[in-house]
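Note that chain A is present in both complexes that follow, paired respectively with chain B and with chain C.
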Partner chain A sequence: MSKTELPGRIRKAPEGFLDPAQIAKVQSGRRDFLRNAFLAAGAVAAGTAAAQPPKAAGFQGESEILDLPEHSKGLGQPVAARGYGAPSQFESNLQRRESPGLTRVSAASVSFTPLQGLFGIITPNGLHFERHHQGWWDVDPSRHRLMVMGLVKQPKVYTMDDLMRLPSVSRMHFIECGANTGMEWGNVAVPTVQYTHGMLSCCEYTGVPLAALLDDCGFDRAAARYVLAEGADGSGMTRTISIDRVLDDVLVAWAMNGEMLRPENGYPLRLVAPGLQGVSWVKWLRRVEVGDQPWGTKDETLHYVDLMPDGVARQYSSIQECKSVITSPSGGQTLLDKGFHNVTGLAWSGRGRIKRVDVSFDGGRNWRTARLEKPDEPKCLRRFNIGWVWDGGPAILQSRAIDDTGYVQPKINQLRAVRGSRSIYHNNAIQSWKVAEGGEVSNVQAY
Partner chain B sequence: MSKTELPGRIRKAPEGFLDPAQIAKVQSGRRDFLRNAFLAAGAVAAGTAAAQPPKAAGFQGESEILDLPEHSKGLGQPVAARGYGAPSQFESNLQRRESPGLTRVSAASVSFTPLQGLFGIITPNGLHFERHHQGWWDVDPSRHRLMVMGLVKQPKVYTMDDLMRLPSVSRMHFIECGANTGMEWGNVAVPTVQYTHGMLSCCEYTGVPLAALLDDCGFDRAAARYVLAEGADGSGMTRTISIDRVLDDVLVAWAMNGEMLRPENGYPLRLVAPGLQGVSWVKWLRRVEVGDQPWGTKDETLHYVDLMPDGVARQYSSIQECKSVITSPSGGQTLLDKGFHNVTGLAWSGRGRIKRVDVSFDGGRNWRTARLEKPDEPKCLRRFNIGWVWDGGPAILQSRAIDDTGYVQPKINQLRAVRGSRSIYHNNAIQSWKVAEGGEVSNVQAY
Partner chain C sequence: MTRIFRLALAVLGLLACAAQAQSKFPGVGRPATPAEIAAWDIDVRPDFKGLPPGSGSVAKGQEVWEAKCASCHGTFGESNEVFQPIVGGTTAEDIRTGRVKSLATGGEARTTLMKLSTISTLWDYVNRAMPWNAPKSLTTEEVYAVVAYILNLGDIVPGDFVLSDRNIADVQKRLPNRNGTSRRHGLWDVKGQPDVKNVACMSNCATDVKMASALPEYARDSHGDLTVQQRRIGAAAAPPAPQSPQLALAQGKTCTACHGIDKRALGPAFHEVAAKYRGQAGIEARLVEKVKQGGSGSWGAVPMPPQDVSDAEARSLVQWILAGSP
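Right, the complex of A and B next:
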C-alpha cells in the first residue's frame, strides 16, 4: 500500500524512539488504524453510506457494526473505579521522557513534556516537565515552613496554614527552562519537539503574591532592591530576583491546575516568577531574603549564564524572550497524504502577551498569519492554528511570534550574530521543520 | 488546647466522612499540623526569629532545623520516576467520591468533584466528575467512528484521523450536570460542597466545531432545526440540540486540559455543548443526525425535565443558568480561629460571562463585591475571592452571581415560587453556609 493511498493524517512522533519495543507497538497499532480508516473512507467515497446507520450500507467493516462492540451493549466500569483518574491505555506512549546521559544521575536531570501530542495550552500535571538539581521529594506540608527575612522590620516564619488563609490569586503562566532548545545552538538538531522545546509547560497557579508577604513583614521599601529565593532540597537552589519583578507579579504558590502542586514541581510550595526562566521558580520554597544587591550564588554565576563572544558571561538574563514552535507536524512525524492539514503550535513571551504569530511553509520567504486561540493572558502560552494544503513536495515549516512590545522572534543566525557560538541558554530562535517528499518531518536549521 | 489558641485556618472538609478510617487519618494529621504551626507562630510572636535562619533564634522546633530533614541533604527521586505523574501522598484524601445508594449500580451513578479542595478554575482530569448511564469504557480510537447523517447532501463516516486533521479550536468551558445541587430542592442539606455542587468541572477542550462537519456534509440550512447526538455506550444516550446552539459554539472534541479525553469522560470523542447541561455533552460520540424537529428521546422526556406546579413537565430546559458557590469555607470545614480569612468560590453562567459576584456574611442582608480572577471567558468557571474578618460569632455566608445578560442568581424560595416543589434538576439557587460559634460550617437553607 503506497503512502498516497492512505487517508491518514500524521503519524505521531516516535516519542519512544529510544525504546524499540515502544516504536514497534506504536507502528503496529498505526497500521491497524490506517487499514480501518481506509476501509471506512472507501465506503463513504463509494457513496454507499446513506442517511442510515452504516450497517445497512454494505459497509466493509460490517461485522464490527452488526456485531456491536461490547461497549455498546454491556455494562461498563463503575464511577471512580480507579480513584484518582488516569489516561486511556491507548495513550500510554505519551509520557515525559528523559534524554539519557544528559547528566551524571537522573536525579539531576530533565524530563521533557511531549508537546507533539498535546492540545491547547494547559499542560496536564502528570506531563509537566521536570528539572531537578538533586532529585525530588514528597515533602510533608504540615512540617514545611517559609521564612521571610533580611531587610524587613519583622522576620516571620509561615506555615502552609498561615499562607493559605491569606488573599490568594489564580493566574495562568508558562514556565520554560532557560536551557530549553539549548542543543540547537550547536546544530545538534534533536529529532522531536519533545526534546527541542519540551522544557516548557503552562498551568493555572494559585498562591499569595510575594509582595503581600513582604508587606506583612514590613520590608524596607527604600533599601530593598533584590530578593533571594531558596529551596528546601539538597541542591541549595538559590536565585536572585529583582524587587520590581517581585512587586509586579511573583507568587508564592501552592496549587497548579486546580490542585495542590505535584511533588516533582515543588509540593507544597514554590515560587511562580512569571516570564522568568524556570530555575527562578524555586521549588520546595523555604526562605525569602530581602537585600540590596544580587547574591551571586552558584546557580546564577556558574550556571544559567551566557558566554558571549568577548569571553564575558552575561548574567541575570533571566527573562524568557518571545518564542514559538510548531508542535504538529513536527520532527519525527510523517504526513501520510497530500491535502489539507491543520498546522498547530505554541507561542509565548516573558515580556507580556502574544500579539501575532506568522507561519511560513517555504523556509521564511512567505508568511501567513495564524489564528490565535483564547485565553489571551500575559506571560502565558498561546495556541495557534493555521490551515495548510500540502502538495506532496518538500517544504520547510516555521513559526514566528511577535509580542505586545513589538519584539519579533529572531532567526538563529540573527541570535548567533550577537551571542556567538558558545551559548547553552536562552535560545528563542525560529524553529524549522523540514517536510520531505515522502512526508517525513525532521529538524533542520534554515536561514 | 482551646480553639482560640490555634493559629490554624480551616480544617478541610471530611471528604471521607463515609470512611471513618480516612477521617481519623485526616484528623490526626491535622493535630500535628496545628501543634507545629503553633510552635512556629509562638517563636515569631516572641520576636526571637531575627533576620537569620531560625536555628539561631531559639526556635522551638530547633531539632528539626539543626537536624536538617533528609530532603534537604539527600539525593531525591530521579526525573519521571513515576511515569505519568500523580498527586502527593499527602493529598490522597482528595478524590472523586460516589454518593452511595444514589443509583442501583455504580456504573449508572455519579462521582463528585471535590470542589472544597480545589483552586482556580481548571479541574484536574483525574478529579473530573463522572455521570454514566451504563458505565464507562476505554474505547479503542483506531476503531471509533463518527457518522454524520440526516438532512445532509452527503452522509459521512469519520475516523479519529479524519477529524484531527481538520481546523481545530481550543476553548475553556465549564460542564455541569443538570441534576447538580438537586438534593437541595428537597431541603436535604447535603453536608459538603463536594456533594451539593460537585457535578461541576471546567476544562480547556480541543476539537473541531460541529458546524464545520455539518458544512462538510452539506447540511440543509433551510430545513435543519435540530441535531441529535448519540453515544456509543450501551445506554444509547441521545440528546436533541437546537441548530442555533450547534452553529454557535458546539464542538466535537478529543482533548481536555491539553491531553486526550479520559475514558470516563468519553475518550476518544465527546460533544462539548457550552452552557448546556452535562447530559448533552454526549460521550463516546458516534453519530450526529440533522433533523427538523426534536427527537423526544427517553433522556429528554423521561429524564432531565422539570415537573412544574401545574403538573406539566418542562422539557429541553437545558441551559445552565447563572450560579455560584463558596467552596471554602464550606460545609464540613471548621474555622479554627477568628480573624482574617480568604473566602473563595466559583461562579458560572450558561448564557455567557460572569459580570460580578457579591458575597454576604449575614445571610443576605449586606453584600460586598468579590474580586474576580482571570481569565474572563464565556460559559467558563470564574474564581472569586474576598477577604473576611471573622469575629468568632455565628454567620451565614452566601454568594450571588450576575452574568453579562444582567441575570441575578436567585434565592431558593424565588425558584420554588415558580417551579414548585417537585423539581430534581436545574437548581441554580444561592447556597448558604452557616458558621457556628465554634467555627463549624454547615449547609443550611436561608431565605
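Right, the complex of A and C next:
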C-alpha cells in the first residue's frame, strides 16, 4: 500500500505539540518520530516502543503481532473486580473540563463535555456537562420530596417511592445550555469543540410526564399559563416554563442512560424540558407551582436574557434553535495524511427533528448532504457522517443543519445582523474549522 | 398565600377526599399541609404575589451588607472577584427614562442594577440564595434592608429610606432598567418565528469567503495542554502514557487547565514555580496552603481559585511540582 491509500489519520493534538517541521517529518513517513515525541513526554511503556515503520527495509512485521503481548499469554482479571465499571485507563484524556477564566468561582461555573472524543449521540453519564450556580449535592433520595401546588385543587407531596410507582416513560433528548458557544458571539475565543460546543449532552431519560402530576393534583386548566420549577439546592434555582411545553413533553425524571441521575445532574430528581435551554431543566427538583404569570426570577431577568443592539434584553427566550457542529476533525486536531477521512458531527433542534445536514469543505461555497444516523427523535441529537478526500491543501469545514420546520442554521454574520454580538446566549451559528496546509485544524469564523 | 389556596384550606379535608377519590393513581402522594406549603412557597413574582409583609432600612442594610455580603461583593457592591459587580453603571437619567443607556452603547461590563427590570427579582433572589455560602439564612427584615442598601448604593433610594411591602411598588417605578426588557421574539413558543433566515444554497453560493476571526496566538495555550484532552488512538499509534501518578492527579484535579508543565497558561508553568522557589525554606508548606486556599500576587493579579484537594493530595502535588514535575 502506498501511503496515500492508508486511511487518513487525525492526530488529536494541537499544533503547539508538533511544529510544522515536525509535522512535515511525520507526513514524509518518519512515523517513528511520533513515538519519540511521546517517549519524550514520558509516554511510552518500556519494551513497546521499538516497532519499525512498515516501510523500513527488511520489515518482518510489527512487534504488536510478532511478539505476543501479556494479555495473550497470561490470566486476566476476575469478574466484579470493579463493582462499578470504569473506562479504560487509556481513555483518561477525555474529561469534563472548565474553561479557564470563564467564571470566577468553580461552584458557580460550568464544565464542558469532550465532544471531540464521543461517538453516536449518547453522552456517557460521567462526561455530561455540568452547570451549577451554588455547588452540587448528593441528596438522600429517601428524604427528597416533590411538592406540586399553586393553581391546583389539591396541593400534593410526592416521595421518590411515590413517583417511581407512576407510569414512567423513557425518552432521548439533548440538553444544551443557553450560553453554549456564547464565548464566540464576538470573536473566536476558545480552541476546541469541547469549549465551543461542550455545554451539550444527550441522554435517555426516564421519568413521569409533569402533566400527569398536574392532573393528579387537579390543576386549573383554564387559568394555568405557566409553571415554576424550583430546585432544592442553595440557589433554589427557579425557572418559568410555559404550560404548553409542560403539557407537551416535559418530564420529571430520575434516570439518565439506564441508571439514576448523577448527583451533578440533579440526583434524585430533575426537570427534563426538551428543546428548552439547560437552565430550565431544574435539578434537585423540589417544587412545581402552577400560575398565571411568569416569575421573573434572577436567571430569567439578569441572566439567560438576550441583550439586543438597542440595549433591550429579550426575556424568556428559551428555545434552543437548530444547530450543528463537526466534532472531528475539529480544533486542536491535526490531519496527518492526505486521502480519505470520515467527517462526523452532531445536529439538533429545540423545535423538532433534524431533516438534513449539509457539509462544506470550502468555507460555504459548495455543500454536500451528509448521511444521518438513526435514531430520528425530536429534540434529540442526530449524528451525521460524510466522507472527504483531503488533497493536503487548505480547507474550511462547516456543517449546516435543517430541522423539520424548514429552518436553516444561520451564519454568524446573519445572527449578528439581528442580535448584535453582546447577547451571550443562543448562538446557533454555523461553526467553521480551518484545515491548514500542514493539516492543523483550528477554530475560525468564516462566512 | 394565594386566594385559591386559602379557599382550598377552608375545605381541605373535603377536597382531599375528592381528589383522592378522583385520582388515576390512588394511594400515590398525599396532600401538602399548609405549613409545608408556607415553608417552601417563597417565590416573589413581579406583581409582588408572595412578598411577605415587612420592612428594612438602608442603615440596617448597610450593617447586613458589611457583615454578610461585602467580603465577596466588595464594600460598595463593586467587586469583580467572585461575580460581576452588583452596583454601578446607572445614572439619574436612566432612573428617569427606565432604560439604562449604557446597555445600548457600552461594552462588556454589565452590573446587576443595570440589568434589573423588576425589583421583585432582587428581593426573591437575595432571600432564596444569598449569602452564597449560607443561603436562606437572612430574616425578612434583613432581606428588605439589604435590598434597600443595594438600591441606595445605586442612588435609587435616599440614605434614610425604609423599604417595605407597602412602598416597594413605588421603588419599582424608579428602577433604572424597568423598561429595558421585551418578550417580543420567537424563542418562547416552540412554534415561534425565528428572527434569522438562512437559505440552504448548495453550489456556487454567493459567498466571497471571509475569514473574520481566528484564535489569537496568545490564546493558543489558554486551555492548557490540548494533547492530553484528546484520545490518543485514531492517530499516532503511540501507546498511551503510563504517566506519573502526580501528573494524573494534576489532570484529574484540572490543575493542568491553568498550568502547563513548561508552558505558562492562566497560571505559571510548573517548571517556573520550581525554579522560582528552588531551595527556599518552608516553601512546601506555604504552597500547600496556597493551593488549598487559592490567592494571587506571586505571579500577577490573576488569582488561583481555592482547589478542591485534600491535604495529602496538595502536599503530593506541591512536592512533585517543586521536584520539577518528573
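Please note the rule applied: the second predicted complex is superposed on the first by the 382 of 447 C-alpha atoms of A that agree within 3 Å, B and C clash if a C-alpha of one lies under 4 Å from a C-alpha of the other, contacts with A are read in each partner's own complex, and residues count from 1 in each chain.
FYI, a residue touches a chain if its C-beta (ideal position, glycine included) is under 8 Å from a C-beta of that chain, and two chains touch if they have at least 3 such contacts.
Fair warning: this is a prediction, and the values are worked out from it, not measured in the lab.
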*asked:* According to the stated criteria, A:R287 is in contact with first (chain B), second (chain C), both, or neither; which is it?
replied: both
*With the two structures laid over each other on chain A, which partner does A:E98 touch: chain B (first), chain C (second), both, or neither?*
both
*Identify the partner contact of A:D216: answer first if only chain B is touched, second if only chain C is, both if each is, neither if none is.*
second
*Examine A:R245 and indicate which partner it touches, taking first as chain B and second as chain C; both and neither are also allowed.*
second
_Partner chain in contact with A:T297 - chain B first, chain C second, else both or neither_ = second
*Can A:L166 be said to touch chain B (first), chain C (second), both, or neither?*
both
*Partner chain in contact with A:K156 - chain B first, chain C second, else both or neither*: both
*Please indicate which partner A:S106 is in contact with in the superposed arrangement: first for chain B, second for chain C, both, or neither.*
both
*If you stack the two complexes on chain A, which partner ends up touching A:Y267: first (chain B), second (chain C), both, or neither?*
first
*Overlap the chain B and chain C contact sets on chain A and report the shared residues.*
9-10, 34, 37, 41, 43-44, 49, 51, 89-91, 94-95, 97-98, 105-106, 117, 134, 147, 149-150, 154-158, 162, 165-166, 234, 287
_Of all residues in chain C, those that touch chain A in their complex_ = 2, 4-5, 8, 15-16, 18-19, 22-25, 28-32, 36-37, 40-43, 45-47, 49, 80-83, 99-105, 108, 110, 112, 115-118, 120-122, 124-125, 128-129, 132, 135-136, 180-192, 194-205, 207, 209-216, 219-244, 248, 251-252, 254, 257-258, 263, 265-266, 302, 305, 308
